[in-house]
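There's a structure below that I have some questions on.
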Amino acid sequence: MGNSSLEIIINLAKTVVVFLMMVQAVPILVWLERRGSAFIQNRFGPNRVGPLGLVQLLADAAKFLNKEDFVPDKGNRLLFYAAPVFALIPAAVAYMAMPMSTPLKIGDSTFLIQGYEVNVGIVFILGISAMAVYTMLMAGFGSSSKFSLMGAMRASAQVISYELALGLAIVGVIMMYGTFNLTDMVLAQQGAFHFSGFGREFSLSFLPNWGIFYQPLGAVIFFAAAFAESNRLPFDLAEGEAELVAGFHTEYGGFKMLMFFIGEYGHMMIASGLMTTFYFGGYGIPGWTIAEVYQTGVSIFGSETGGSIFSSVMHFLSYNVKFAIFLWIFIHVRWTLPRFRYDQLMDLGWKTMLPWALFNTILTATVIFLASQYVI
Amino acid sequence: MPLGGMIFITIFIAVFGTALIFLARAIGGLAKRTSAAKMEIYECGIKETEKKDSKISVNFYLTAILFILFDIEIIYMYPWALNFKDFLKDGTGALVFTSMISFMVLFIFGLWWAVKSKALEWEK
Amino acid sequence: MSMDTVLFWFLSLIVIVPALAVVLLSNPVYSALSLVMTMVGVAAVFATLNAYFLAGVQLIVYTGAVMVLFVMVLMLFDLKHDLQTFSRGKVSGFLKIAGVGVMAGLLVGAISLATKKPSLIVEGSPLANELAAAAASGADNTKILAENLFLRNMLGFEILGVLLLVIAVGTVALSRSKGGTHARD
Amino acid sequence: MQEISLLLAVGLNHYLILSAILFTIGLSGVLLRRNLIVVMMSIELMLNAVNISFVAFSKYNYNPEGQVIVFFVMTIAAAEAAVGLAIIVSIFKRFKEVNIRFFEHLKG
């Protein structure tokens, strides 16, 4: 965790800061979602409270706080209350492992711009975010309502089905970079497009060395599976209003409902962050390597600390631009595509995406194998 | 692995979330029992019926069972994928590649069988 | 008290208290959720033992797959409290006593065996030096695991592949089967 | 002095004792509980206890075989849970009961 007690305290405080950043991003995303949907559907959206309706979400939060606290008589009170609290945990704990910028070096101390670094990052994130299923099952069982239970069952069956395609799409990425560590992956995507195999070197100077150019099929499968994982339209069968009222949170209202939303947006953020890190160079800036950014910072501020701060800030901005683009795609897709039927959803997961992900894995393995064995 | 940080943030979020729920409860108050129907579970306004026999399809747990089996096969591919380039450098690549391809053939056969036996069919 | 010591005692608490709850609580859904807690604790214990990849696999396989299946089946059955949680009668009373006896025996055996410290270290065993180096630096030792798994235990790996296939076929057939001799209706 | 060093110096013994306690809890669950599903969960507990001691031996004896075995044990455990639950579900569908006391009917 660090050497001195000061570093330990700063590292612990950092995790809290990252968590609060995630929670703070949710009102902005909800505002963006409502304004965006209004823009797509030619409506106004929230525009009364504050400039552009920006304060609307604060007003909503205040309203949620004033709602009376409802538990159905038949329900299981413990599980009913535990589910929304538990909804926050997996998303936040997993997001902590996402590298958001280059480390900040101040004096002798080094601070990572992420909650904590996990050396088996991918496996850790997959394992922790798989625990989100329990939230739905607890909520569905705790409300002891038919709609809730049906929604929970559907949602969990959907999430676990798409976890297969998600996990298999990542195998190609791991094979390419040869590491589980997310920071190492980002560093491997620096510079211009180049790879060596078949006894010679290939390079294209105008393309960045991003994973998307090596794994286009894997990226598509990963992104589609990530939609299903975070229960977003077109895969939000769990809360199909037409058939199931609101799915596993039918009985919830007020602040508990809001906590479910924070969890759902947290999963969206994890998906966007992973997409950025695996396929789009992480925090790297295309055409400007980390060392060059650092040198520019040193020449501007005249000190190594200044260069380090400059590099951290620039890469943090770069990460957040990519991150925001993926979040916007999530929102845009939600308001443009209709919902699947349940059997179509399961067919897509098991009979289309899983075989294609398998094909992607075998293709990647074969190409890497041939590239190392034969010379053209 | 920074276990300390993980445990810390987990406890922090649990406390934070519980505090939020209690805050909302303190401000909003408990639901007032104005009528018996209010505290019932929501069933579109109809009087609730006790569910004795759950009518949840067996397909859900069949999906979960198949998920476990395929998930483990995928987990086996992770250490293999991690080390694949090193295996190739060491000269054992061909052997490891063949073994994994035969493992994947088993995987494909299992998937094909699950599809063919209509274990993954849902009512339309 | 070093950080590792505090972690160990905290984690053993996290592992053992929910494990007791699994056995003692009469509502099977609570038992299952306590077992999830134990599994997460065991994953953390693996991480303190430098088995990082196994900790992740424990999370994915146990908490993400096996326990989801348990909880789903429990919810499918919609069981409330068990009418008769624990077994009764003379035979089961004897079993209880025997269980406690085995517990005491195992504890004493483990402690006495371990304090003798037999030298189990295989001198010059393959990959042992690498593992020692990885343990010293706290680095990821998954590559060593992979080398051992795919080069030295390839037969076991392939057999497990066949086993998983057989089980996939078997469970589908089992849950599709109809009829039988004991059908009530 | 003995107690203090036992508290402070965590070594192989501690992990083995943790594993033994967990195994015994699982065993008593198998022996005492009457719900088939809880019995299955207790079996999972016992397997986890064994895994802890494998990994502990692997670390303190610098032998990677221990981790490979844990990997295999996890696979077998998951497969066992899948088959066991499939059997339990088909029993439940037929008898509407998961208490072992009931399965004396299955004799002969």
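Labels A, B, C and D are assigned to the chains in the order they are written; within every chain, residues are numbered from 1.
As a working rule, a contact is a pair of C-beta atoms (placed from the backbone, for glycine too) under 8 Å apart; a residue touches a chain by one contact, two chains touch by 3 or more.
Remember, it's a predicted structure, so these values are computed and weren't measured experimentally.
Between B-D and C-D, more C-beta contact pairs join the chains of C-D.
Chain centroids computed from C-alpha atoms place B closest to the centre of all protein C-alpha atoms shown. Chain B and chain C have Cα centroids lying 18 Å from one another. Chain C and chain D, compared by their mean Cα positions, are separated by 5 Å. Note on chain placement: the centre of chain A and the centre of chain B lie 17 Å apart, centres being C-alpha means.
For chain D, the set of residues that touch two or more other chains comprises 74-75, 78-79, 81-82, 85-86, 89.
Annotation for chain A: residues 1, 118-120, 123, 149, 153, 156, 160, 163, 167, 180 touch two or more other chains. Across the assembly, chain C contributes 3, 52-53, 55, 57-58, 60-61, 64-66, 68-69, 72-73, 75-77, 142, 145, 147, 149, 160, 164, 167, 171, 175 as residues in contact with two or more other chains. Across the assembly, chains come into contact as A-B, A-C, B-C, B-D, C-D.
Interface of chain B with chain C (complex): residues 1, 3-4, 6-7, 51, 54, 56, 58, 60-62, 64-73, 75-76, 78-80, 82-83, 86-87, 92, 95-96, 99-100, 102-103, 106-107, 109-110, 113-114, 117, 119.
Remark: chain A residues 1, 79, 118-120, 123-124, 126-128, 130-131, 133-134, 137-138, 140-141, 149, 152-153, 156, 160, 163, 167, 180-181 touch chain C in the complex.
If you check the complex, the residues on chain B that touch chain A are 1-2, 4-6, 8-10, 12-14, 16-18, 20-21, 23-25, 27-32, 39-44, 48, 51, 54, 56, 59-60, 63-64, 67, 70-71, 74-75, 77-78, 81-86, 88-89, 93-94, 97, 100-101, 104, 107-108, 111, 114-115, 120-124. Taken together, the chain C residues at the contact with chain B in this complex read 3, 7, 10, 44, 47-48, 52-53, 55, 57, 60-61, 64-66, 68-69, 72-73, 75-78, 142-143, 145-147, 149-151, 154, 157-158, 160-162, 164-165, 167-169, 171-173, 175-176. Against chain B, the residues of chain D that register as touching in their complex are 74-75, 78-79, 81-82, 85-86, 89, 93.
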